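Which chain is which? They are A, B, C, D and E, in the order written, and residues in each are numbered from 1.
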């Protein structure tokens, strides 16, 4: 409990989503979902996504890249100043190995890759081939699940059983000590990106509740966790040092309609329901005022340059009359809590993940629908597993789901009918079974270009489609939550002014954050 | 004759526990196979969720090679399973692939043993002792106050007591840490500071388990004591002019205690279950939390491993209770 | 003498039990027992606790099959349905508090018996029969007792209800397993008198099991003495009591309290009992030869190895004792006769 | 103090001694339900040194209640509401009223002066302690200087006194047979050389043969050690042989006290007579006996007047109103209105 | 017998509380709708996580839902699971325990082994695992699982009782009359077990309520319905403890504890009834004997 004891050049990260103990599993490419934390400080990807700049892709271990053959060939040029922590240089062979591994071992393909082959061009360049134009899917190389690993270490191991206890990577840290309840990383002094201001990075497991106390006491410097009412409970106590920041992650919590099912194949029904979602009530109970999502699902903060001006700052308030008009237009009436058309009764239900305790928010939606339309929607909570099952199989009417991704394309591409599956067959994307030629056409065009202006125009078209046809209806924006106790370390970015997000687990952004910190008072 | 009787009893009980352990292993094997879904599919789904892509057929094959194919012959699977168990191989955790479940369980076990083991014994001791006093002074003010109060305590959910305790002592008063097994900024090892830290973190969880658990023992012991106190041999002990303390302990309590040991089996499962929930409230790095995470993440191999371990541990504890019973009761009656 | 209704021929009952070492052993609860019950006659079975009296009664009641030997009803070996058998043979238990279900009224007990065995449909008819039954066991006014619960009755009244229930079946044989031992001393005799009445009025065959040899003498015609699972002696009651032909019977009679023996020299009265005779034998591992030999003051060598055969005496008395076979019966009777004449004179 | 010669022994087999116990007007209630149950009502008697006083009565007549009250061992809901129990120590010190003593004061008297033998030795010995240890417990708590070794030796010696071999001291109670346990608990009662031993039906659980042996041992030990005995049983025929004097209890009261001979030959109270005639004779000619009609009263709801009047053949006017008091007639006390005047009424 | 059951304050209190909660379970929705006029799911956005006040007697949750209304509504969910689980468990216990005790022999050996097996198995983890497999099902399945694994203690008791009852003279006597086994079990043995069975049922009900709460706390329950368990879980997820929203998690926990206490107290009373020794240890009895008049200690006085 004694903050004074912590060494001055250590930064402590409190990890809240890793349980009570850590597992020494640095098999970064393996299919495990829970690996050792903060692996991005050891293993780095080729590229990074700059959320400070409309989520465009920026170089990292790759120095530059070019597209050829209409976007089907990607040539990547690697930096030449990168060394693994065991002193060996990072070479094109390592990159080749790292990128080929998911191709050769499909069970190790966890980053959602779309490329078909990788070849070595010369000592610094790789040629990566795609079946489709890949302008829009370049982000896969920024995925921390597709990092560069040393071939000389990995190729000698049986990856199905190896837990990589002594990780060797290109990142700024090496593993100094691994205790199930405490991991100590040591800063390298030969990191290609520069010298870090701290020598040690410590990770401790904690619970969201305990974290709050630890932050208040200054035992933890940095954490990523949402703190409802954090403004009052934390920041207000010492606005100077207690930082609680929200960075839009480009996603939103939305209601997804199962458009393969009546009556949600009818745009009027979708519109009516979307018009009567009390978004303000939801964010109020979330204690995140002002985070209601706009009708496009693109956040103002992140997509300022990309958003159609007519949707900027727009939040759909509950509009019962308009909704009723929509229902009438569709030929629907509400009788005894059910939608009725042509003698058919529809009693919708809303699926949600009970592990997120979303039931209470579902209640808000249900209550509003009932009050405004008289429609009785049933809540159908499922724990994660069942929730994803049902969602993927299309066994739902409405589902509260997270939408979003990197860039406009990233947010909307799930609407492509190429991901569509018949009801009862598992679809990992496009669970709403959206099928719209216009959507498909715009998405296809986006995939074929990396021209920013063209992308912006296409993006606006998609926004239009989403607002008009309502394949899904966003409720509130999702954020990266960052809690900082700046007693020991200053120089943190702020949501108003950042070129990287100080979120732990963001890969290169995490490294950038660390690089820019300064010891307070020194 | 006497010794052989005890041995016979022990051998019989040992036989039973072996059979029970075998049944537990079989149950452990069958449960996932009886349930809708199977571990292989579960891991595939997990992968799909992580990668956002459908898992290719080759991947599916390789996963099944590791986690067993549901279409294989059940008997063959069982033989394989037993062979694996023989090497203390509980399979590989799904979410921590490829870390073996056994490693994770080993890591968590000491904490749980420390917490649940000591508190179970302490709760038993405290409950039994207070129960004897309450039963001895049945009808006194002590009894009249304590007994309903413990009735209440024994009916409160473990985790609720834990929540309250955490709120009062951890949050309002700030006396105890809010989570974890020790202070994270201390090096783990055999140092005094570390030991103090472990105690500091363990005190509140331990206290809540004891508070929730001792009531059951107390009530049982009280009633047994009340019944025993009316036995002729206690009357005779009083008639002999022995001191009341001696009569209470050597005559009444000593006999009243015996059924407690037989009741141990019934209660132990409940206490362990409750203690697991307590671990979750305090984010205590033990088996209970492990099970919680496994449940949350549908890590079937982990669930199975933890369950097997808990079951075997409880069986072992019962065996120990039976041993104690053999030591304590010279008349070993024939019992199932 | 009338034909036997119920006979036990050379029956044995061995109970398998688990011993301490986990192996199974057998308790030889009854060994090679013969018993004959005739209409209108009462046989008393006496013996100490654990000598197998209850086991024999339950064998006769077909609670369990005999290990060897057979039970005959009216000369026929019994087989087939229990219910037919129970129409003829009924058992009365020792504990009047335990043999009535506390939750059922008197009416229920009698009603079930009548229904099961006579299938009487008409309610009025059954009612009439019930009243009749209660009157036969002297529970009057009967109507008043029909709706009582057992706990509202005294021990004696309960035992009467039990007897009435047994009689409802109209059995030929009544087996009484210590039917009076749990009753208060002052009301025991009434019960014995009731049983005697049933015997004379209905010609029932009765087996009367007891510890108390004096009450056996009061009620029965013949006495059979059991020791450690075996029958050691039997015969007409006065003969057996006046001239026991087995050392155990002799000991039993001498040990029974008998104020008539004279109260003058109390210490002398007890003095002869002062020498420690030890305990009755274990039935799991009974002594070879005569079961009684370890406690028998007259034991011969042969007693230790061979089971004594049955010796029939002219007066109908019989015994299993080597003294008779070896021609040394005098040893026994001399001591016994001396004592009894002494008593008669005083 | 008034010396009531009627309540003292007229003659004693072991010679008239001094008084050991003087019980006056002892009344015990069970405080349950609304009205207390008076299980001992105004009980008075005197016990001489070395005397055996038998207390006989049917089940529920308050015998055990009297015993626990005498030894101050009663537990809730029993309360001694009236009376005194004066104990006269051997050394001639002032008599002590046991009723007024604190538990600590009582403790020093227990076992050294006042010992008890309970009905069932199976239950009276702690099943989880070795038999010897239970002796040692008693011995060492009353003689602090006694070493552990000596105490065990003494225990073995005491067991030897009742005919149990010394190697049995290390046995657990369940390893002894019923008779051995009963004898062990008698030996235990004698461990600290008490002046008074109270025995509550010590032989009902054993057989007549064993009963005789045990009682013979008690008589022998009494002769050697000179303690007095209050012996409770429901078996009057046994008491007639055993006791010096007998008190008959009915419904919580003593209805008659007299020497055994007098009580046998000439019982004054109709109940005593009925009780005596409830035991069929072992040898003398049989005649029809009737016992006592009716049932003992329910103490929760006792009949008015003489509690025996509803069952009494000789009752006359007033029996149902007036509670007769215990009066002495020729050294023989009785509480019956048939005997209205004692010859030395106080 | 019934009268004496009610003389114990424990039984009266216990039955009273249980009755109250049963009423609450039955009429809860009506009370909420008509008497309080509050929908337990309605969100009062103006009063988020507000402490008890006149508007919301027990305060509101993070979602502006009325805690009182939720607690009342939760009674139905929790009690339903408790009662169902207890019902199922009791039926199994009877089906296993009574024949085992009554018939003895190999039937007993097999059933008793089964009972002992379930007895030594840690039931809660077992329930957790099984419930974990069939995640996201309704209250009925939860109750079924709890009942399915929670019968062994009861079966053991019933076996012991049936064993002693089956050799009791009155059962033998009725057998001597030729009563069939079926009737002996149902008319002679079972009625005597009713006390035990009702005690088991109550015990099972507490067990069910507690287990449901535990499952809900772990997020394995029917999140669509309101029960005390889901309330506590919801509070826990919103860090109610550390934000000091005690009014959110205290009432449901208290209700569980109250029901548990009530059921235990009733069982206590039943115990006292079947074991007179316990009855004598009641405070009222002891107090009364203490108050009874002390005898005169003066030795000189006689009659």
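Following the convention adopted for this analysis, a contact is a pair of C-beta atoms (placed from the backbone, for glycine too) under 8 Å apart; a residue touches a chain by one contact, two chains touch by 3 or more.
Remember, predicted model here, so these are calculated numbers, not experimental data.
Participant: What is the minimum number of touch steps required to go from chain A to chain D?
Facilitator: Shortest path length, in steps: 2.
Participant: Taking each chain's centre as the mean of its Cα atoms, which chain lies farthest from chain C?
Facilitator: Computed centres place A farthest from chain C.
Participant: Weigh C-D against B-E on C-beta contact pairs and write down the one with more.
Facilitator: B-E
Participant: Provide the C-alpha centroid distance between chain C and chain E, rounded to the nearest whole angstrom.
Facilitator: The answer is 50 Å.
Participant: Which integer distance in Å separates the CA centroid of chain B from that of chain C?
Facilitator: Going by mean C-alpha positions, chain B sits 55 Å from chain C.
Participant: Please work out the Cα centroid separation of chain A and chain B, and write it as a whole number of Å.
Facilitator: Taking the mean C-alpha position of each chain, the two centres sit 40 Å apart.
Participant: Which chain A residues sit where two or more other chains touch them?
Facilitator: Touching at least two other chains: 209, 213, 355, 383, 385.
Participant: Which residues of chain B are in contact with two or more other chains?
Facilitator: 139, 170-171, 178, 230, 296, 298 - these are the residues of chain B that touch more than one other chain.
Participant: List, in ascending order, every residue of chain C touching at least 2 other chains.
Facilitator: none
Participant: In their complex, what parts of chain B are in touch with chain A?
Facilitator: Against chain A, the touching part of chain B is residues 42-43, 45-56, 58-59, 62-63, 66, 93-99, 104, 107-108, 170-171, 174, 177-185, 187-188, 283-286, 289-290, 293, 296-298.
Participant: Please name which positions on chain D make contact with chain C in the complex.
Facilitator: My answer: residues 13, 58-59, 163, 177, 179-180, 206-213, 215-217, 219-220, 223, 234-238, 240-242, 260-261, 264, 274-275, 278-284, 286, 288-293, 295-296.
Participant: Spell out the part of chain A that touches chain B in their complex, as residue ranges.
Facilitator: 1, 5-6, 12, 19-21, 23-25, 27, 30-35, 105-107, 109-112, 145, 159-163, 179-182, 202, 204-207, 209-210, 213-214, 219, 355, 383-385, 388-389, 392, 426, 428-429
Participant: For chain E, which residues count as touching chain D in their complex?
Facilitator: Going through chain E, the ones touching chain D are 280, 285-286, 288-290, 292-293, 295-303.
Participant: How about chain D: which of its residues touch chain E in the complex?
Facilitator: 1-2, 24-25, 27, 29, 31-32, 36, 42, 44, 75-84, 86, 95, 97, 99-100
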